[in-house]
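I'd like to ask some things about the structure below.
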Amino acid sequence: MSEHELTQEQRLIRASVRAIAEKHFKPKAAEVDRTRRPPVEHIKTLAEAGFVGVFIPEEYGGPGRNLLDLVIVVEEVARCCANTAILVGCTDGATPRAILHLGSAEQKKKYLPRIAKGELLCAWGMSEANAGSDIGNIQCKAVKDGDHYVINGAKLWCSGAQVSDMFLVLVRLDPAPGLRGVGAILVERGTPGFSVGKHLDLIGFRGTGMAELVFEDCRVPAQNLMLPAGQMGKLLQVFNSDRIATNPPICLGVAQAAFEAAVAYSKQRVQFRKPIAEQQGVQWKLADMAIDLEAARALLYRAAARVDAGKGSAVDASITKVYVNEMSRRVTDTAMQLHGAFGLSEEFPMERMFRDVRGMSVGYGTTEIHRNLIGREILDGRYSA
Amino acid sequence: MSEHELTQEQRLIRASVRAIAEKHFKPKAAEVDRTRRPPVEHIKTLAEAGFVGVFIPEEYGGPGRNLLDLVIVVEEVARCCANTAILVGCTDGATPRAILHLGSAEQKKKYLPRIAKGELLCAWGMSEANAGSDIGNIQCKAVKDGDHYVINGAKLWCSGAQVSDMFLVLVRLDPAPGLRGVGAILVERGTPGFSVGKHLDLIGFRGTGMAELVFEDCRVPAQNLMLPAGQMGKLLQVFNSDRIATNPPICLGVAQAAFEAAVAYSKQRVQFRKPIAEQQGVQWKLADMAIDLEAARALLYRAAARVDAGKGSAVDASITKVYVNEMSRRVTDTAMQLHGAFGLSEEFPMERMFRDVRGMSVGYGTTEIHRNLIGREILDGRYSA
Amino acid sequence: MDFLIPEELKQLRESARRFVTEELLPLEPEYADNHDIPDDIRARLQARTKELGFWAFDLPEEYGGGGVGVLGMCLVFEELAQCNVPAFRAPSVFTPFLGPVLFRGNAEQKEKYLQPVIRGDKRTCFALTEASGGSDPTRMATRAVPDGDEWVINGSKIFITHADKADFVQLFARTGGKGREGITCFLVDKGTPGMRLGQNFELMSPDRPWELVFDNARVPAAQIVGEVGRGWDLAREFLGMGRLMHGPKAIGRAQRALKLAIDWANQRNTFGAPLASRQAIQWMIADSEVELHAARLMTYHAAWKADRGLPYHMEAAMVKLRCDEMMMKVVDRAIQIHGGMGLSRELPLEVMFRDARSRLITEGSQEMQRMIIASELLSGRGAIDRIGNP
Amino acid sequence: MDFLIPEELKQLRESARRFVTEELLPLEPEYADNHDIPDDIRARLQARTKELGFWAFDLPEEYGGGGVGVLGMCLVFEELAQCNVPAFRAPSVFTPFLGPVLFRGNAEQKEKYLQPVIRGDKRTCFALTEASGGSDPTRMATRAVPDGDEWVINGSKIFITHADKADFVQLFARTGGKGREGITCFLVDKGTPGMRLGQNFELMSPDRPWELVFDNARVPAAQIVGEVGRGWDLAREFLGMGRLMHGPKAIGRAQRALKLAIDWANQRNTFGAPLASRQAIQWMIADSEVELHAARLMTYHAAWKADRGLPYHMEAAMVKLRCDEMMMKVVDRAIQIHGGMGLSRELPLEVMFRDARSRLITEGSQEMQRMIIASELLSGRGAIDRIGNP
């Protein structure tokens, strides 16, 4: 568990969250996936124990923990239920972080304490049909009209949409082409002209209330504007540290669970008169999983610790995301394979784990986009291994 | 360079060793490989600057540095010349460590100060034709005769043999079968009946004076016995920490050099009217190399820091060795590929780097043997990722 | 040596392609994620294939089939597999795909079981796998004990596709010693007292196989296929042909995925340029094509051996191993090229991905195939230089 | 479709195998790591192959060759490649392997250049690659300028195998505009003033190719092969056949490596049991066999197309890409199975490994092959469904 490098308090966080997740989340993980019902009550459970809004400073009612603490929380939640872990993004992901770092004093006072209590869930509206990582191509438009903005357009792949109370929406504020015309605005649920569309059923994370957002002449007060056009760099910075906070620890937690299951299963499963764990090929697969997990955890914890030390960087986040994503694909794949046909069965968690991490390599920027970014940083001399 | 996590002193070590290696070792690296001449003078150069016998405590004339310091030294030496880095094993590898941890007071006083000055090089005689990692199968025999032992047999793949002054030889002391009958004894160069055989020309590390050791009725004083039969566990412990000290940092250093060369080359090489660095496929290859290097370095430094904190383990050493070995194979391979036909040419260092790391996955225990070990630890419940 | 596909098989393939386009693809949006199509739709499709002369195209002519052989079957299955409907394991609309066992029965059994299946009047299922045994015959625990003119069967079988719709079961049970030689094949009619459906398994792929439970089920001795104790040979024959057919199915799916990826790469613009202009995307497409090409050659080679009556045990293992891995990789790359859209259940890629992943395990895992191949080679039975040297 | 190798080709292969065993393998300990064999030994071996009727077995009968075609050539090269002597790139002892260019010359050129090469009296080399250009024809900088009845050539070529031993050079130079259409092929005799050997490259593999420098070298217009400005077509033809021949060479080497691995796994005991009993070792062997099998099928398919006069541009790229990668993996696994012994220069594996690695780059890197394949597919020129549909 790489416990040596963690503080006493971090080990305590891990133990507490693990106990909660084992007791409350794990037993419902399969049902959440099958019924597509976001387990929003799990956020309440975490909130009661003090594990939501983990990053929120004490002045706004949060515990003000650092990023590595949060990584541990998310990892442990995901170890038992990946859908719950994604919902943690509604209290500890990009939108709440953006409010803390970029919001007005009023916005912070109004929203952060409620987020820290788990009473206000926030989602992030970015992707469009023709704008995934290519944010400069965003078409959803907000036009100033007196003391309001009028929003028209739609957003895809919005995690937590069906249960969130507030949305940070990336919009084109200015006809300037590309990134320079894009800004961000907060939209509350219930605002006339704003609706959460149908559930988007993907290969994985089916219990996250993922949906489309639709804006039809939606009028939002001008003070909801969080980021005027031309300052997307600031938001991307928030987003970069968020890349470490949620996506990789979810993958790590799921992979850890898959590994544990594979070890247990291969000791128990008998083929050709002995447990398959006695076969060298199986042992090597277990060894490869362990190596992969160790490397991923070493990278992720280091990256989080760097952010906490004020040394975070976009390229570090990208490197971590790509490695941990692909590690989790390999590990869940091997774990499923070791389970044989039972690995495919919905009675076992293996196939769900495999599906859940598959999408994580696409979401939060595809691994390919991150490779582009890493490549550019190397070539521009801003990064050298 | 992962500098954030290093102390000020460690950064200084890196900078100093890098300056020495760039100036003295790099210009001769190709010649050393081609002529098969062990660059023993490089050890003198390192000794003068205080970078040999790095682990030796001050009471024996060394600087008493920790393992992570040594890892940095070896990495930087290997970045310029892998053969020199392997020779560093003669002053900082398994044999000198064994003397410190298992030697008699007299042996320590006699040898360690000379090792710290770079005056005494030590080699490790373990492998035999039918006993690689299967130490229990060792045939080379030492029989007590009065106050001497009489040794007969041969050892293969002994790195540094042609330049070393002393040899720690694993011998069968007892007819007891398997590991229980094996012990270790020190043999000085020049002892009658002991000869260093012909140079063993391998695919890589051709400048390490690798040779066979031959013992024909070789008489060694009884006080040279370092480890009686039945205590191999102690020696293996020394060997495990050595697994981190030399083999992985050599691979890391070579891979780092290959990566740097690949970046430089792809910015300069023009194909189809633009530098190949402008091609997405090339950028992804560079990104993959960076990701791989980062994960390897995170693992290796963490493993060394754990040993320094008294938390080292055999499984940690194995995980680190396998990952870093295979990382270095991938990275040197990609770097060579990016160089096109020039990558194959002996005028460029790429093909030498590729050959050198190939052998590191076999030496110091094949990656397969280490996978066996990791698998066993997992299944016996002694380790869980 | 000749790689030309005979003209009549090419025409057959062309017709199959048209049928898939006209009749099956329109059903995909509704039934892609189902383990079967509704009975009325299957009846309609079967009527249509009979009308077109397709039905039972692969079976020997003496049984009223088209007699196109294994290569012909591969070509048609490639086309069928391009569509996610019907599911891989669903009783096909082109042929009952009943495997070799029923052809080994006696005249009476053929009359009662084989012929109705060929006509499409009866359905069957194949019950071999057990919870503790997987592909390991030595661990088969379902037992049949003789009692007068009958055999009494106890035990259970798992992962039996379409056990719920089968009019009779091809059941393998232990009748003797521990090894392969103690296994016998029975035909057990639906409704036999003591045989019942157990658990229904929900799998990652659209398959929904069943458990079959035998609790003192009594079966007349006349229901034994072949000889007592020789059942494993029949099972092995069935498994071999099943493995070979993993080839065309994987090829068909992969071919469609690659086509989708190429079209998308040509049409999708990001950062002002089509994906197709990006080198790394080009490489993904090139690697997919090369793997697809090699998989197709391996499959045709194995089919050719089967058609000539040559042993194809090892080739079938190689086909299953490599073609399924190829499909996994090609579909995965297609998803990656599509980005978020690739994950969506609106496109056919997502269900193809789950199918692909499942097939690395079903009908003998990849590891089992490696074991078969290695054992042939290490024992010297399987020579290395094999092509053209049957 | 028929995968049988014709009887006469099988006999040819058998004879080649015998020749390799009796004549070449004994030379391996001494010459495996050399880029060539000494002239006297080659003369002796050539005399022997002529005596046995092998010499020029692959060339058309009208030129005095054996006319076995590309498939026959593949079968023989597979056998030859099992031995590390002579080196891959050395003028062969079985045939001059001269490539298609000289067959495109006029009668006079054939008389003066082609025939002596076929007889084994002259040697030639192929000079295309440049330092800045690699496989990119648009960057070719060596330039030929007409001056009366002569052309004046300036520039330099690198990585030219056996330029030192060649009696004449097949040289490609720019005579016109920037693109492919500005390139012309010349035959330049050894000793032409202004042409000289430059640097000798030491490579990882035993190859030792040369730089060829042209400093106002003057060549009569009669030395042009084909038309001015059409040289790239000739180069492309040469490259295509060269890529295809990567197939049998990789297969031969890999087959020997796999055989060594199997023998070693059966014989080597560690921890009280043979390596062959370890599951992970078995898997390495199984994967090697499957990859070897697929590579062989791809090669034979491409050879068959070439023999029928069908375009095989894309197939050749696929063969080079996949067969070379297969060889790399199979040899690498063989080394790993051998442990320390595998690294030793006493076994043939170490030089095979260096050869294998080199071939991922030489004669068009893997990336170049991917580019060719992807461009065929993305442009719609290369259909996906290609086998049996020439």
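Note that the chains take the letters A, B, C and D in the order they are written out, and that residue 1 is the start of every chain.
Throughout what follows, a residue touches a chain if its C-beta (ideal position, glycine included) is under 8 Å from a C-beta of that chain, and two chains touch if they have at least 3 such contacts.
Quick caveat, the model's predicted, so the values are computed rather than measured.
Asks: State the pair with the higher C-beta contact count; candidates are B-C and B-D.
Replies: Between the two chain pairs, B-D has more contacting C-beta pairs.
Asks: Measuring centre to centre with C-alpha atoms, which chain is farthest from subunit A?
Replies: D
Asks: Centroid from C-alpha atoms only, then distance subunit A to subunit D, rounded to Å. What do you get?
Replies: 52
Asks: Distance from the CA centroid of subunit A to that of subunit C, rounded to the nearest Å?
Replies: 39
Asks: Enumerate the residues of subunit A that touch no fewer than two other chains.
Replies: 280-284, 368, 371
Asks: At which residue positions does subunit D touch at least two other chains?
Replies: Residues 279-280, 282-283, 367, 370 of subunit D each touch two or more of the other chains.
Asks: Where on subunit A is subunit D touching in the complex?
Replies: Residues of subunit A touching subunit D: 279-284.
Asks: Where on subunit A does subunit B make contact in their complex?
Replies: Going by the criterion above, the answer is residues 1-2, 4-5, 256, 259-260, 263, 266-267, 277, 280, 282-284, 286-291, 293-299, 302, 305-306, 309, 311, 319, 322-323, 368, 370-376, 378-379, 383-385.
Asks: Can you list the residues on subunit D that touch subunit C in the complex?
Replies: Within the complex, subunit D touches subunit C at residues 1-6, 10, 71, 255, 258-259, 262, 265-266, 276, 279, 282-283, 285-287, 289-290, 292-298, 300-301, 304-305, 318, 321-322, 367, 369-371, 373-375, 377-378, 382, 384-390.
Asks: Which residues, counting only subunit D, touch subunit A once they are in their complex?
Replies: Where subunit D meets subunit A, its residues are 278-283.
Asks: Which residues of subunit D touch subunit B in their complex?
Replies: Going by the criterion above, the answer is residues 129, 132-134, 136, 138-139, 158-159, 201-205, 207, 269-271, 280, 335-336, 339-340, 342-345, 350, 353-354, 357-358, 360-362, 365-367, 370.
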